[in-house]
Amino acid sequence: MKKRLIATTAVLCTTIVSLLSGCGASSEGKNGQVIVYNWGEYIDPETITMFEEETGIKVIYDEFETNEIMYPKVETGASLCDVVCPSDYMIQKMIDNDLLAELDFDKLPNATENIGAQYWENSKQFDAENKYSVPYCWGTVGILYNKTMVDEPVTSWSILWNEKYADNILMQDSVRDAFMVALKLNGCSMNSTDEKELEAAMQALIDQKPLVQAYVIDEVRDKMIGGEAALGVIYSGEAIYTQRENPDLEYVIPEEGTNIWIDSWVVPKNAPNMENAHIFIDFMCRPDIALKNFEYITYSTPNEGAKELIEDEDIRNSSIAFPDLSQYDNLETFSYLGEEGDELYNELWKKVKSN
Amino acid sequence: MNRKKALQAPYLFWSVMFILIPLCMIFYYGFTDKTGAFTLENIMAIATAEHAKALWLSMLLSLVSTVLCLVIAYPLAMILSSMNVSQNSFIVVIFILPMWMNFLLRTLAWQTLLEKTGVINNILSFLHLPALNIINTPPAIILGMVYNFLPFMVLPIYNALVKIDKNVINAAKDLGANQVQTFIRIILPLSIPGVISGITMVFVPALTTFVISTLLGGSKILLIGNVIEQEFTRAGNWYLGSGLSIVLMIFIIVNMVLSSVFDKDGEGAIL
Amino acid sequence: MKNFIKRFYIGIIFVFLYAPIVTLIALSFNSSKTRAKWGGFTFKWYASLLQDEIILQALWNTLIIAFLSSLIATVIGTAACVAMQSMSRKMRALFMGITNIPMLNADIVTGISLMLLYISLGVRFGFSTILLSHITFNIPYVILSVMPRMKQLNPHTYEAALDLGASHVYAFFKVVFPDILPGVLTGFLMAFTMSLDDFIITHFTKGAGIDTLSTKIYTEVKKGIKPEMYALSTIIFIAVICLLLIINIFGKKSAQKDMRQDN
């Protein structure tokens, strides 16, 4: 009996060990691996397969929901990664805190060739010398409304405070985006750290709260398609998708101006596969790959080469995907406000939420 | 003697390593600030208006859902325990079966059901009944809690009821007790351990949830679980998050002590 | 009349418990990609599920973690129960107190405390951290279901076996183990179920590149759940029902056999 027990235990242990080590062995491609940490649903899975086949590098792919969730994981090294795709202000924070590696642009010929000049220019707001980041997607934030439920012209953020639409408004559930709406409404900069301006914005958000149906991030997509709400604050990329599913929806950039955001590829300093990270980023900048991603996620691409390849003329000239930014003079990009600024925003946001 | 040590060693090691040390870490973070100096600030932060309100709301919602669970589960457990013995196990399984669908998907399905243009409202409007507008309000969160935690209330009560010796009940009846008297003087006291353990099993997860309030409350209602989760994953303030966790633990310990007063022998096991 | 009320009551609760599940099953046949719109009946999500490596990998992770963690927890927990049998009252109370901590503590606090531990130890987050965490919260379920069986045990039979010349191990497996087996099995099943259903603790202790179904779903919630996920849940659910039906029928047969033998 004793022998049998020992035998079973031994078998069990070897199975476990082989399973564990099996996991390790299979995760290594013939040219090593690259660990990618990206937003949820922010890439066409087919492009990853293509990358693996062409380069022999295995991609380990993980997703995050918000910049704020991603940051501590990269900072503490709790999950090592080679390529991350954060947004503008978060890139600045990572640069400030010395978390990012300088990119070697000699290894990124596709990036230098295909990314439009204006996007490099915009990137300077958070990456002053264009040393750390390669733009992947960009867009605006605006109001998506249902034409059958809203009968007046939507031109201003103030419609989100209109009591007529009580319980029919969807707001963004992230600190900076929510405050952006209120700050812009009050005619302030969305990078304000002025306590008075922020208090006023907080008051505006508190006043708005009874009218808000829910604070959501990307659920706004499903809810607007289903006609759950009349108005929603949404990223321009989602607008194209929702319009395809429900033609009653319309997207506008309010006249008070808005956030023009950029999500870019960056490489953390502690990346274990620096070389492969460059290969991955460059691959993603190839026009045909960028086009595939654009068609899958519908977020505007900064890749001029890919834009040329878009066959559908309506999309190529769409004012949502590629708006003429020169007609607005009050567009801004988020910048990092420092630890104190972050704390102030978080504290005020908590007050809004608990009210 | 050595044999005994060999048997208890793995568990002893495990509980020190993965239960006690992690708890100490929470206490460490909870009582220090960013510079590593000792502070009570993170604990006292519970007194600020937002946190106190979140805790109060969590208490209220979890209390209401615990009571609702009890009210729904007790009669159910009585009916189940009085059923034909051969079907017993199967019927009980029916009530745990939903737990095999993923918890998040189950809760998310309630969103589809409860939404303004959701399934229930479509049925109601088809029947020309007034619409049900509880999504993104506290009642929706309570519904989610009751739905998810009901089995944790039914099972312990059911187990306590099944264990009652039928002869005791018959004896009471023989001695002239009517049904109400039998229930109040015999069945109810004997089922108390089950009730107590059911209450703990529902109250604690309901008090600390952040998923249900996010999915069914539209993120409009901030519970203490949401505050802690956000301090850790969004605001990145682990010190404050740990401090609030300690406060939460104190509330749970109070609850535990209270319930152990009623359940001295630890009989109210869920199994 | 009374019977009718009883049945009606059970029926209502039945509807309450199963309405969301029916909804999920219905959504798995919805040809529209969003859950907000009914686009017609389709089987296509079941076909594309089989090709969806990411979901299948998450399913595999979930199952293997649930299986390994509940198995290891069962071994450690049962051993602890046996050891506790011969402990002094005080020691046993201490042990049970420690056991109760993860049971009664908030999931979120358990998850966070483990996350802090791993970070301070410099362990890389991944498969092993999830597995260790799951074992941790599974052990109490095993102990709490084995302990009552242990208490009902008659210690004299074990001593009698020893007196008759059996070794400790032999006596344990021949005399004690068969009696506590139902408790061990329930503990294993409880642990397995809890591990399958856990989201919060996994959420805090997982690393890049590894997902269980729960964490996968949570990331998808924001973007809209992929319909393949509904299809998978439907399959799991139906598989479990089939399994239960088989056990039930099989159990009844063996029960009848027992009765015949008794007669």
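Every chain is named by a letter (A, B and C) in the order it is written, and numbering of its residues begins at 1.
By our rule, a contact is a pair of C-beta atoms (placed from the backbone, for glycine too) under 8 Å apart; a residue touches a chain by one contact, two chains touch by 3 or more.
These numbers come from a predicted model, not from an experiment.
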Exercise. If you take the chains that touch chain A and keep only those that also touch chain B, what is left?
Worked result: C
Problem set entry | Distance-maximising chain from chain C - centres being C-alpha averages | A
Exercise. In terms of C-beta pairs in contact, which of A-C and B-C ranks higher?
Worked result: B-C
Exercise. When the centre of a chain is set as the mean of its C-alpha atoms, what distance in Å lies between chain A and chain C?
Worked result: 35
Problem set entry | Length of the line joining the C-alpha centres of chain B and chain C, rounded to whole Å | 17
For this session: Quick one: which residues in chain B touch 2 or more of the other chains?
Result: 117, 232
Seminar exercise, completed: chain C residues touching 2+ other chains are 35-36, 115, 221
For this session: List, in ascending order, every residue of chain A touching at least 2 other chains.
Result: 223, 226-228
For this session: Give every residue of chain B touching chain A within the complex, in rising order.
Result: 49-51, 53-54, 115-117, 133, 136, 218-220, 222, 226-227, 230, 232-237
Exercise. So in the complex, which bits of chain A are touching chain C?
Worked result: 1-2, 5, 12, 16, 19-20, 23, 27, 35, 37, 40-41, 45, 60-65, 73, 76, 78-81, 217-219, 221-223, 225-228, 245-246
Exercise. Once bound in the complex, which stretches of chain A touch chain B?
Worked result: 66, 68-69, 71-72, 167, 173, 175, 209, 212-216, 223, 226-228, 342-343, 346, 350-351, 353-354
For this session: Going by the contact rule at the top, pick out the chain B residues touching chain C in the complex.
Result: 3-5, 7-8, 10-12, 14-15, 18-23, 25-26, 29, 72, 75-76, 79-80, 86, 89-90, 93-110, 112-113, 117, 119, 147, 150, 200, 204-205, 207-208, 210-211, 215, 225, 228-229, 232, 238, 241-242, 245, 248-249, 252, 255-256, 266, 269-271
Seminar exercise, completed: The chain C residues in contact with chain B across the complex are 6, 9-10, 13-14, 16-21, 23-24, 27, 35-36, 75-77, 79-80, 82-84, 86-87, 95-96, 98-102, 104-110, 112-117, 120, 132-133, 135-136, 139, 144-145, 147-148, 168, 183, 186-187, 190, 193, 196-197, 199-200, 204, 213-214, 217-218, 221, 225, 229-230, 233, 236-237, 240-241, 244, 248, 251-252, 255
